[in-house]
Structures are given as C-alpha cells and as structure tokens.
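Working notes, beginning with the structure itself.
Letters are used for the chains, namely A, B, C and D, taken in the order the chains are written, and counting of residues starts over at 1 for each.
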C-alpha cells in the first residue's frame, strides 16, 4: 500500500503555523517516513498535485492567488484542514476587513506611508502582487472544510494529535485545551 | 436654588459635552413647569423626555444633563432610557417631515416603493434629514390606518392609499407653502419699513 | 352625591335630550375616516343643516369607527321610526346632498347608500365594539345613556369580588392580547395576592404593525376601558390602575385623559365609589416607540420610567410586579369585554364562539381585500367567511394566497386551511396564533420569503438587545433571509436559518424572541418551494472575484463546497 | 434552612432552598457554563449559556436564575443544549471583532474558554464590516467596544458594588452598547471613581488596564465577588466594638 499523500499550503498568514509544525522536531522524521509530502512551502513544488489525501491550509483567503489555490486544492484533496486561526476564522489576516477598500490599503502600504521604500504601487499586471479580495475570508467561507485546527499558532502537540488522527482515518478529537483560539 | 440651575451649573462643569442651558431661554421655563408637574419623580422620566422633545425638538446632551440632575438620576440611566425608545431623537429634524408607514398592511400594499420614491425624489436617505435641513424622511411602524394602506404622513397629515407621486406632490406643496409664507412675512416686514 | 344615583338620572336625561331630535346623523370621526376627509364632510352637513334651519330636528354626532375604513368617510342617518341608512365614501359634496335630500326631504341618497344587510356588517357580532359608530366618545353622558357604568355600579353595590371573578371565569373570557390566558384565572391570582398596593394595568401598547383594534377602542369608547378596569380593580382589590398607551396614538391619549377627568367628576373613579370603601384611580402612561413593551415585564419597567427590557419570570407580576407589588396586566380589548359580560351575563357571553374560545374577537382586517377595516366576529368563524363574505373577497380578482395573524409573532394560514375556524387552539395548531387581532390578507403577488424577511426586520429592530439569542439571532436570521431573497442564499443558508429558528425560539428570554421565528417557520412550512426556488449553487458567491476565474468557479465549487451545516 | 432534594445530571443532591441551579450544580460536581453571571452581582439571565433542561418543563431555563425545586430532574449537558450553546456562542463571536491572538485577555478570557470548552472551533457567521472606535480617554483603563459581549457585569459592578452608576446600557437590539455617564469619553465621566471594578468584572478583553499587551490581563475576576462577600460577612460582625 502506498503512503498517504500529505500537503501543506500557506495562504494569507504569517507562516507561524508552519513554524509550529516544524516544532514537532523528531516526530517529523517519523512523519516523513509514514507519508509523502507532495506539496508544501518548505518543498519546492510549483503545481498543487492531484490525489492528495490530507491538506493542511494555513492562512486566510486574502487575494486572488489564495482563492485560486484553495479552490484547486479542494478539488484535489480528500481532506482539507483549516490549519490555525487565520484559516479558521480570518484572525489577524482579516483585521483589514473593517478598514475598508483594499486598494486604499495597498496605496497606503506601498506608496503613501513614510516607511514606503519605493513610493509607488507594485505593478499587478506583471503578477508581482496578486489582486486583493474585497474581504478576507476564512477557508470554510470558500470551500468545504473537513476539520478545524484552531490556535495562533496551533501548538505542535495539537498538530500532532490532529495529523495522527487523520492519518489513522478518524476525525481529530481535540481536547478542550487543544482547541482554544489564539 | 432650582434643580434646573444646579443642573446647568453641573453641566457647565462637565465641559464641552454638556454646556449650561441659557437662563434666558424661554424653553427652560417650559421644562421647569413640566418637571414640577411630575413632581421631579424619577419614574416620570419618559414623560419628561417626551416634553423635552416637544419643547426642543430633540434631546441634546445639555437638556439630558438637566433632566438627570432634576430627577436625581445617573446620567447613564437617562441616556439608556432615551436611546432605548425609537421616538426620541438626538438631532434636530428637518423643516418638513415625511413619515412612511411600514406596517404590515402598508408593506403588502407597496410601502417599499413609496419610501424609495420619496427618497429618490428628494435625495434623502431613509431615517435621515436632507443636508439643507428641509426634509426628514422617517418610517413609522404602523400608524393604525391599515384600512387606508399604504399611507404616509407629510407634516402630520395623512396621505391615504398613497402613490409615490402623490406623496412627493404633498411634500412639494408643504415646502412651497412654507416658502411663500416666509415670503409673505418678509414682504409684510418690508412693508412696515423692515421694522421686524 | 353618589355615582349610583346620578347615573340613572344622567342616563335618563341624556336619553330624553336625544329623543327630542327626529334624526341623528352619526358621522364617523375615527382616524381613518378623518384622514379620508371626514371633517370636511361633517362641516358640510352641519352647514347645510344650519342653512335649512334643521338644528332642532337633526342631531349631529362625531362617533367612533364604523368599521369599513376602506369606504370612509362613513355617515349613518337614523330617523325615528325608520331603518338606519348608511352612506359610504361621503365627501363634502355627498354630505351636502345627504343634508339636502335625506335630512330635509326624507329622500335617501341612493347612490351613496350601503345596505346594512351588506355581509361586512351582517356577519359581525358586536360586544367590544357595540358603541362604535353609536356614541360620541367625547361625552360620558352618551356612554352612560347607552348603559355605561351600570355594570360597575351593580358589581360594587350588589356583588362580592369573588362573585365578579366567578362571572368572568364562567364567561370563558381569555386574554385578547395574544396569549389567550383565561382572564378570570389571572384576576383570581391577583385577588389572592396579599397587599394593599395592588395595581392593574391596561395594556394599550398595540405594537403589531397592521393592527389597530385597541387604538380604536381607546379612542372611540374610552369609558368602556375605564369601566372594565374599575370592575377588575374591584374584583382583585387593586387600588391603582395604569393605562399604557403607545405614543403613536395621541388621540387615544387625549380621549382617555378626558374620559378620566369626566369619570372622576361623576365619581366613577376616585375615592369611596358608590359610597363604599372601594377606591380606584387611573393614570395614563405613554410609551415611546418600543414593541417589546407589550411584554408584561418590559411594560412594567417602562411604566417605572426605565428601559423596556423584559426580566425573567417567575416571579410573575401577580406576585411581584409594579414597584414590587402584585400587579396584573390585561389587554385593552380584554377589559373592554368586561362591562358587557357583567351586564349581559356569563352565559350570554359563553354562548358566543366555540367551546375553548368564547365570545368575539376584533380583527383589523387589512391587505388585498375590497373591504378592509375593523371587524368584530364570533370566535370560530372561518377565515373563508371573513375573507369572502366580510372582506368581499380578494381585490382585483386575484387569487388568495395566505393570511397572516399574530403579526411578527404569528404565522400565515394558506389556502388549504382557509376553512379553519378562527379560535385560539385551531390557529395554534396551524403554527400561527390568534395574536392581538391583526389579519392581513395576501394575494398571489406576494412573495412569502419577503414577508418573512419583513417580519424578521421588524423583530430585529424591536429586539431590546438584552438577551443574546434574540439580539444576535434576529439579526443573523434577517441576514440569512436577505441573502435568500436577494439571490445569495444556498442550501446551507436555508439549513442555518432553520437551526437559528430553533435556537432563538428555545433560548430567548421573552416572548418577542421566542416567537420571532414564527413567520419564518410558518412560511417555510407552507411555502417551502418558494424558498427553494431562490437557492443558488454553493460557491456562487465567489463568482466575479479575482482568482475564482469568473463563472467557472461557481461550477467547480458547487461540486465540492460547503453543504453541511457543520463539519465537526 | 430546609434542604431541597433534586437530581442534576443524574446525581442526587440536597441544596438549601433558594439556591439557584447554577450553584446547586456545583454540589453535583457539575459546572454549568455561564457568561453574564458573576457571584456578588444581581442575576440578569441574559447570555443564555447556562440554559438547562428540567424534566416536565417545556422550555429550557437559565440555571443562574432558576431556584432549586423539590424533586427536580435537571439536565445540564444534553446534545440539544450543547448544540444551542455552540450556535449562541458563534453568534456572540460574530457580533464583535474577537481576535484572540491580538487580545489582552487571551488566556484569561471567558469567551475564549467557553469556545474551547463547547467545541466552537470555527464561526459560521460573519463579523460586522466595521470596527468600533476604542475609548482610551481614561488615564488607567481602556474600553474596546468591539470586544464587548454585553454581559453587563461592568454595569452591575459599577452600580451595585461601587455605587457610581458610571456605566450604563444604551441603544437597543444590535445597537446596544455601553455608555459612560451621558455618553462621554470614559476619561471625562465625572462619576467614575477609577476603582477598576468594571475592569475586573469584564469576562473578555473589552475593558482592560492600559499598558497591558496580548495575554497580559492581570486583574482577578473574583474581586467583585470577594468584595461583596466580605462586605456581607463583616457587616454582621461586631469587630470594632
């Protein structure tokens, strides 16, 4: 029997969830032996592959690339896990929502702020910065999500509990202390 | 020292949020009469707020401070009550008001279109007052004239089985009437050598 | 001077005075007719009567509501020894013609006359509205001449409080505010409470948008409310009464204030009434625009000058109510039934209506009908009889779709249940309620999900904000209904709406929240296909977003997107 | 005081008459979730988190406001109650802007704890599109209305324990919000004694001490309860005689 195919993706988030994932230390070696990591920000794979068993999604859906990737990975994954608070409910990534028009935010960040390096907008036509969505969304507002792994970031032991359960073919049962937001 | 005066003093001390009521304002006397009528009882707060709105047209922080002090109620409680009830308003209304009834009978007979029609014709949002202060567009939750649905009130006068055009015309009439009345007053004043 | 002796004299004098006129012209002066120009009509008739020198012959009375509001202004001419003639759509011109032809020459104006055999009138039974269109609400003499305050006098002079309660209990009178709690049982609870500071409250906070029964009673027969309250006070041992009136009803407030002054002057309110130990006073309290104040505990908070937020029951008001003292709240219409019940007896009242719902009910009949207005019908009359006979059928030849009773707390009754008898239990079985009396008829053009959204917006606006299920639940339900109506709702939206209905219904603190889901549940129950027709595929909301590749996204997402209410 | 015998989640207990079901549940080793209830303050029964089922009663009742009754058979944790609490909590989250990762109360927040306890691991409702402005006018404390859950514990602590009546509830429905005095900035509220009881009573991070950052909330929630219990106890003692 072939090994389960696992992917992790990084949408709009700070990568903290992936850092926490790396905190699993030596268990990662066990995991690496048990699964095939077919797509991940820590692996250089360009195209999200087909027939993935479990995909962990870090980050909220904030821009066109996020949306496209999430729709694509949903089609190609059996189980999609919202991995961390940004994917679960938007979290810090969604704090821009009450600020209004993303166009103004981009202008402020790239052009008008005193800290702006270049003093001009990035050129979206060249694909440098993907278009921002009007509203940042949690993963489940875009696609079906099979399991939620809250935390900012989820601690290594939460991740391990969830991934072990998923690989064993059961739905993760997190203890109350393991499912706290924040 | 009257309760009102001490309230005014207290409000003055509170600074910008609630300045003192001007002592020579005749409305202050009206309010004092009302407060005496209810014998400064705290449970008469709603009656008093109605009176304030009748006298001043709306509830200002200054008057609310006065009321709180006169009835010996915490200001937070007075504001809590005043903001709970929809009939109390905290901004001056326009010169004219159009109230569209949005009760069930009127809803079934097209109150939405009525509201939208007036809103568009006069460029005023529902619940708002036109920038020039000429018109407030309000909604009422059933004025109990369901047999005449849909209805609107223009300056308190019912327009029954109302179509948007009829209500718009009634508002225009009300506006023109007040303009010509003002004009008449001005002319009269001019005729007397501008003594007014 | 005692009210008891005076009353007979007064009634006799008034009747003799009235009998000196050969004709009486009763002009409807209720709000609806006034807004239709009734004042001009009255003026025209008065002028014409004066012109013709008929002042000694014709008595002109501005009465309360005659019911058929959609045909107003209404005028009734009563001539000694002849049948009454009713006129509809009487503008000033018609008024003059009536004066010139009918009042002067005895020739009815045929083209304006409406037969009193018209089913709108013939099918009604008038208990609460018995004086409507008959008396001048501004004159206590007119009320007394029509038998007013006799029931109070007889109760105080000849009956024990327990005896009065017994009559009310045997009559089977149930609360007309919506709940239908037996009035006699409530009175008994207050009677048994130990306190010398008991209060009774007449609930005139008629908030159901589309209902104006209580307003009409308070405006057009104010003494009936006062007499009902005084009888209730005698039966329960209450010393003080409050009438809580919506601020939106300024005429009702004025008429009630005037009626209280008149009743005090005639010693029908105040200390030691009818030379007994019984004392009772009434005060008016005015609301300020809050539907939730129709709820008992919120109403009491409002009377005490506070935010009208409901508090937990128990304790019930009859144990701990206004200012901590035992209190009882009765709807205005409930109280308005009492004088007639006392005068004509429990058996007479109980003979009207059905076994579980005795007496009559006043409805504000509105919506897409030819004849709309205020009607009083025996309990148990079918919806079909009301709509087709009294209401004259759906207007414009359209098909009947549903009728809403109970307003934002009620539900709709579809065509297949049009033969349901209108009583408390039958309506409850259909998922609606009797409510306070709003009865809105909807035709085939009305979209039921929009009706549900309309009522939910009402509940959202009127939620007091104290308890979470109602405050947040009505908002979220409105959002979901809005999504459905505007073509943004998916199957998950509908599923979530149904979950919320259950959560809000079960967990809300007071009746407003507990019943807020009713219009949704009821329209979903009878018109589910209308909701389903509005659904869009999952993921449709992503169409047009950058990255979703326009239309393709919706298709792709629909295969995989969230369909379950909750995945855990 | 006469004892009342009842059953809570199958455990038979005896509780003093007059005790409420929330208190009695503790005797049965059961903790009923709650948010608006705080020992030492009056009971409002508004958050509906503590709804329990009582055999023979058609509708669940709030445990905090329901006195024990003889032979009551109370269930505090049925599937229906759990489901309803989860939905209610989700709606509460969606009423404001609750971002635990950026909140002073994280780790010491009753809303956060309830979500974890009840299994709210995501929220199916959308928070409002705007954020309300923080009130940082008070020299020592701050108020973030977007984190307020309208439990009114601060309002009651201010009125019932401190007697200042600075905080009030204004508006209604979804617009319900806290006000200081006549709606002035907190720092300008003349009646405020800066006692901090409201901050200590706040179950979330809506009221906070200035100078504290994410997860740094220090004030004990039990302060108000301790004060009222102590006042009650000591006022009966003739210590100074």
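The definition used in the following text is that a contact is a pair of C-beta atoms (placed from the backbone, for glycine too) under 8 Å apart; a residue touches a chain by one contact, two chains touch by 3 or more.
For clarity, every value in this text was computed on a predicted model and none was experimentally measured.
Touch-path distance (fewest steps) from chain A to chain C is 1. Relative to the centroid of all protein Cα atoms, the closest per-chain Cα centroid is that of C. One finds 38 Å separating the Cα centroids of chain B and chain D. Averaged Cα coordinates give chain A a centre that lies 53 Å from the centre of chain B.
Distance between chain centres (mean CA atoms), chain C to chain D: 39 Å. Across the assembly, chain A contributes residues 140, 145, 148 that each touch 2 or more other chains.
In chain B, the positions touching at least two other chains are 77, 80, 84. Residues of chain D in contact with at least two other chains: 119, 121, 124, 126, 169, 171-172. The set of touching chain pairs reads A-C, A-D, B-C, B-D, C-D, using the touch definition from the header.
The part of chain C that touches chain D in the complex is made up of residues 290, 307, 312, 460-469, 471-476, 479, 496, 499-500, 502-503, 506-509, 514, 565-566, 568. By the touch criterion given at the top, residues 13-15, 17-18, 61, 64-65, 68, 74-80, 83-84 of chain B touch chain D in their complex. Chain contact summary for the complex, chain A toward chain D: residues 82, 85, 88-89, 91-92, 94-95, 97-99, 135, 138, 140-141, 145, 148-150, 152, 174, 176-177, 179-182. For chain B in complex with chain C, the residues that touch the partner chain are 41-47, 49-50, 77, 80-81, 84-88, 102-105, 107-109, 140-149, 151, 157-158, 160.
Within the complex formed with chain A, the chain D residues making contact are 93, 97-103, 106-107, 112-113, 115-117, 119, 121-124, 126-131, 215.
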